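Going by the order they are written in, the chains are A, B and C; count residues from 1 in each one.
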Amino acid sequence: MNTLMKQKKVDNKTSVKTDKKEIKHTKSEAAMDKNVFEVNNLNLWYGNDQALYEINMNVPQNKVTAIIGPSGCGKSTYLKTLNRMVEMVPIVKTSGSIKYNGEDIFSDKHSVEGLRTKVGMVFQKPNPFPKSIYDNIAYGPRIHGVKKKAVLDQIVEKSLRDAAIWDEVKDRLNENAFGLSGGQQQRICIARALAIEPDVILMDEPTSALDPISTLKVEELVQELKKKYSIIIVTHNMQQAARISDKTAFFLNGELIEFAETDKLFSNPSDKRTEDYISGRFG
Amino acid sequence: MLGIDQKNILKRIRGRVLLNNVLKGLFFASTTIGLIFLALLLYRILTQGIGYLNSGFITSFPAPYPEEAGIFAGLIGSLLMIAIVAPVAIILGVGTAIFLEEYAYKNRWTKFIQINIQNLAGVPSIVYGLLGLTFFVYMLRLGYTLLAGGLTMSLLVLPVIVVAAQEAIRSVPSDIKEASYGMGASKWQTIRRVILPAALPGILTGTILALSRAIGETAPLIIVGAATALYTLPDSLLSKYTVMPIQIFNWTGRPQEEWQFVAAAGILVLLIVLLFMNAIAVFIRNKFQKRY
Amino acid sequence: MGKALQNEAMNIDVQTMIENKRKKKSVSGKLEKLIPAFLFLCAAVSVLTTAGILFTLLRESITFFSNTSIIDFYTGTQWSPWTGHFGVLPLITGTLLITLIAAIVAIPLGLMSAIFLSEYASDRVRKIIKPTLEVLAGIPTVVYGFFALTFVTPLLKTFIPGLGIFNALSAGIVVGIMIIPMIASLSEDAMNSVPNKLREGALALGATRLEVALKVVLPAAFSGIVASIVLAVSRAIGETMIVVIAAGASPALTFDPTRSIQTLTAFIVQGATGDTTFGSTIYYSIYAVGATLFVFTLLMNMLSQYISSKFREEY
């Protein structure tokens, strides 16, 4: 398995340290049954308002993890903390730790750019760049140093195929991405995230701005993608969570109330508040 | 995996982050150059001019010796100039803005007037001087008088006031207009009692900034014949006049070094007046900002 | 119940009062109909101003060109009105030289300031720096001229011993500083209006702030940025007092920045302040020069408007 942190270490020429780390690393992986994220005692504040309270959660690899909860429960904030996009708001403070493949993501040793290269994100509203479809997909590879046209062509095609939109756009790769429908734009954004071959894809209510048919396509795509990627998806739609996820976390008022196998959480929740929420009593 | 050499990516990230940080420093340094220049300019003028800035300087007329020279005629001239420009430009400017925003149909003519105003704002001030020279000084036979200067300056600041007033009127939320119409108010009643009061802070702020531009302008007034040395105050609209920037320009051109200090003292008075006007504008903006 | 009755009574009262008032107001109602006409007249003044400028420049220029050949005017290389030489090229090159120096100073500094303010600075830093930078735009140009002559020129002279007291370099640099806030402020506005979701999209792919600025924000805000630059350059072309004070009054067909030159604007001032009498050839030459200047700046302004309207990005 290629992980970000291991590679950084390999690049370092201090090989003694590297070995130690790797051993430790492998051990923890075996013990945790392959978790991509290990979150411990995470608290988060916007200025003086606390938005997340003592979150402990291990996100499994190559699974779809859904996060549900009513509006304002902190589920989006939590998701954006995982690739540190939450720091776009300058007044954010955090405590506790988040480990990605065993390494602290807040550590000064690693750049936030490196983290985001490995942990991709798809946003609530489609946000293609005002460029051609081709340039949208090639943007990531280009900033990471891929210059050869032939390689870029391959990456673009593969990413678009993986995002199940190749057939719809292959004849107009040089057209502006803004000309596509909302559902197509969102799949372009997914393809754009896939183009740099991340390990994890964070999805922040990716279907909330889409019509039912586009939603269905994105859901099918998620099922397909989990073979290669670990996916964490925030959704306000409980049926969607039940349909597509392996594990589901329920957030309420900034706390993680319950985190379990999706089947169990929906059929036999262990917390009263979860039961109230999934049976529609609030939210 | 296809195409992307994962190892290479991670190697490159360090370089990219470094480049980002270096250029961030460069961008910040560029930003400070403007600020340093500003600080240097103010510091120089303060140290040069402060020695000559006293009550005698403010209350004296021009004199052949630097120690006796004063800016009284220019100061009063500038204030009189504002007294002409303010009413003329505000009535014309706000009137134009109301017409364009509330009355005019959105047709080609309105668009033409709009583009025309934008273009007027970009005409060099000295061209207004030429207009004033032909039209006010010669054709209307006003001569080199306070009135000719004031009207020229009014036309100069007009586009600025129109644009500021338009923006202020446009930012009045439509629901309070609708509330007024909904109670049976006429168009003019709505404009006078609802729209103008709500837009007033924006209009005033824009107007004061436009007037402070008029106070600092030199070139057009040279063309329409403001006097460089004046030993009496203007006693009517048709008197000869001078303004502060003209006096400063005159002192700057003299070879003896002492006159530079006199010029700097004159600049200090000018800047203090401008500072005062801008402070009023900032005060109005902060006091009335975001009431909706 | 008593209250309800009272309310009803009041309702009737208010409606009657309105009715009475309306009858009284019929006079002022007629006056109100005149208001749109008055407002239209106000709006007409700005159109008349444009017409006045065109008419003035055109009429006096035509008189000038009836005595002096227009071809000689635009191809002549010697500008010496008091000896009868009216070749405007030296004034044009003088203007271009000043504008070029100003652009070299202001475009990089202004753009980099805009990128810093829009993409790197925190809200608090931006709220302090942006208005402070805009103070530069509010300083009267006569003050800049004074500063160029008494500070910048002596300072430059320590590096360039051959520099004259009046020179294009010092005036050009100071004109450049003067238009920095225009480029910085307007470009920053254009960059600020690029929606944040585009930045987020790039950052989430692992882009650095620099890559976001150069590859996402700059292309998206391109038209606004170009428009701001064109507008600022037009401002530099029309700038008068700085060049009158610091660049001297020696028309010269040269691109040597250490020499004294004269610009179109500076000649207009010289021509209008000298012993020029109404109706003399020199009097009319001022308008021919003014018309040339006006055409230059008008073209630049129209270009700026065209760019910002034609290439407006829709997000």
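Heads up, the rule we're going with is that a residue touches a chain if its C-beta (ideal position, glycine included) is under 8 Å from a C-beta of that chain, and two chains touch if they have at least 3 such contacts.
Here the structure is a predicted model, which is why all the values come from computation and not from measurement.
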item: Far-end chain from chain B, centres as C-alpha averages; value: A
item: Highest C-beta pair count, chain pair; value: B-C
item: Whole-Å gap between the CA centroids of chain B and chain C; value: 12
item: Separation of chain A from chain C, taking each centre as the mean of its C-alpha atoms, in whole Å; value: 48
item: Centre-of-Cα separation between chain B and chain A, whole angstrom; value: 52
item: Chain C, residues touching no fewer than two other chains; value: 206, 208, 211
item: Shared-contact residues (touching 2 or more other chains) in chain A; value: 113-114, 117, 143-144, 196
item: Multi-chain contact sites of chain B, meaning residues that touch two or more partners; value: 13, 16-17
item: Footprint of chain A on chain C - complex, ascending; value: 122-123, 195-198, 200-208, 211, 215-216, 219-220, 313-315
item: Residue ranges of chain B in contact with chain A within the complex; value: 1-4, 6-14, 16-17
item: Parts of chain C lying in touch with chain B, wherever the complex brings them together; value: 18, 29, 32, 35-36, 38-43, 45-47, 49-50, 52-53, 56-57, 59-60, 108-109, 112-113, 115-117, 120, 129, 132-133, 135-136, 138-147, 149-151, 177, 180-181, 184, 206, 208-211, 231, 234-235, 237-241, 244-245, 265, 268-269, 272-273, 278, 286-287, 290, 293-294, 297-298, 300-302, 304-305
item: Complex contact set, residues of chain A against chain C; value: 83, 85, 88, 90, 113-118, 120-121, 123, 125, 127-131, 139-140, 142-144, 178, 189, 192-193, 196
item: Of chain B, residues touching chain C in the complex; value: 13, 16-17, 19-20, 23-24, 26-28, 30-31, 33-35, 37-38, 40-41, 44-45, 48, 91-93, 95-96, 98-100, 103-104, 112-113, 115-120, 122-131, 133-135, 138, 155, 158-159, 162, 184, 186, 188, 209, 212-213, 215-219, 222-223, 245, 248-249, 252-253, 260, 263-264, 267, 270-271, 274, 278
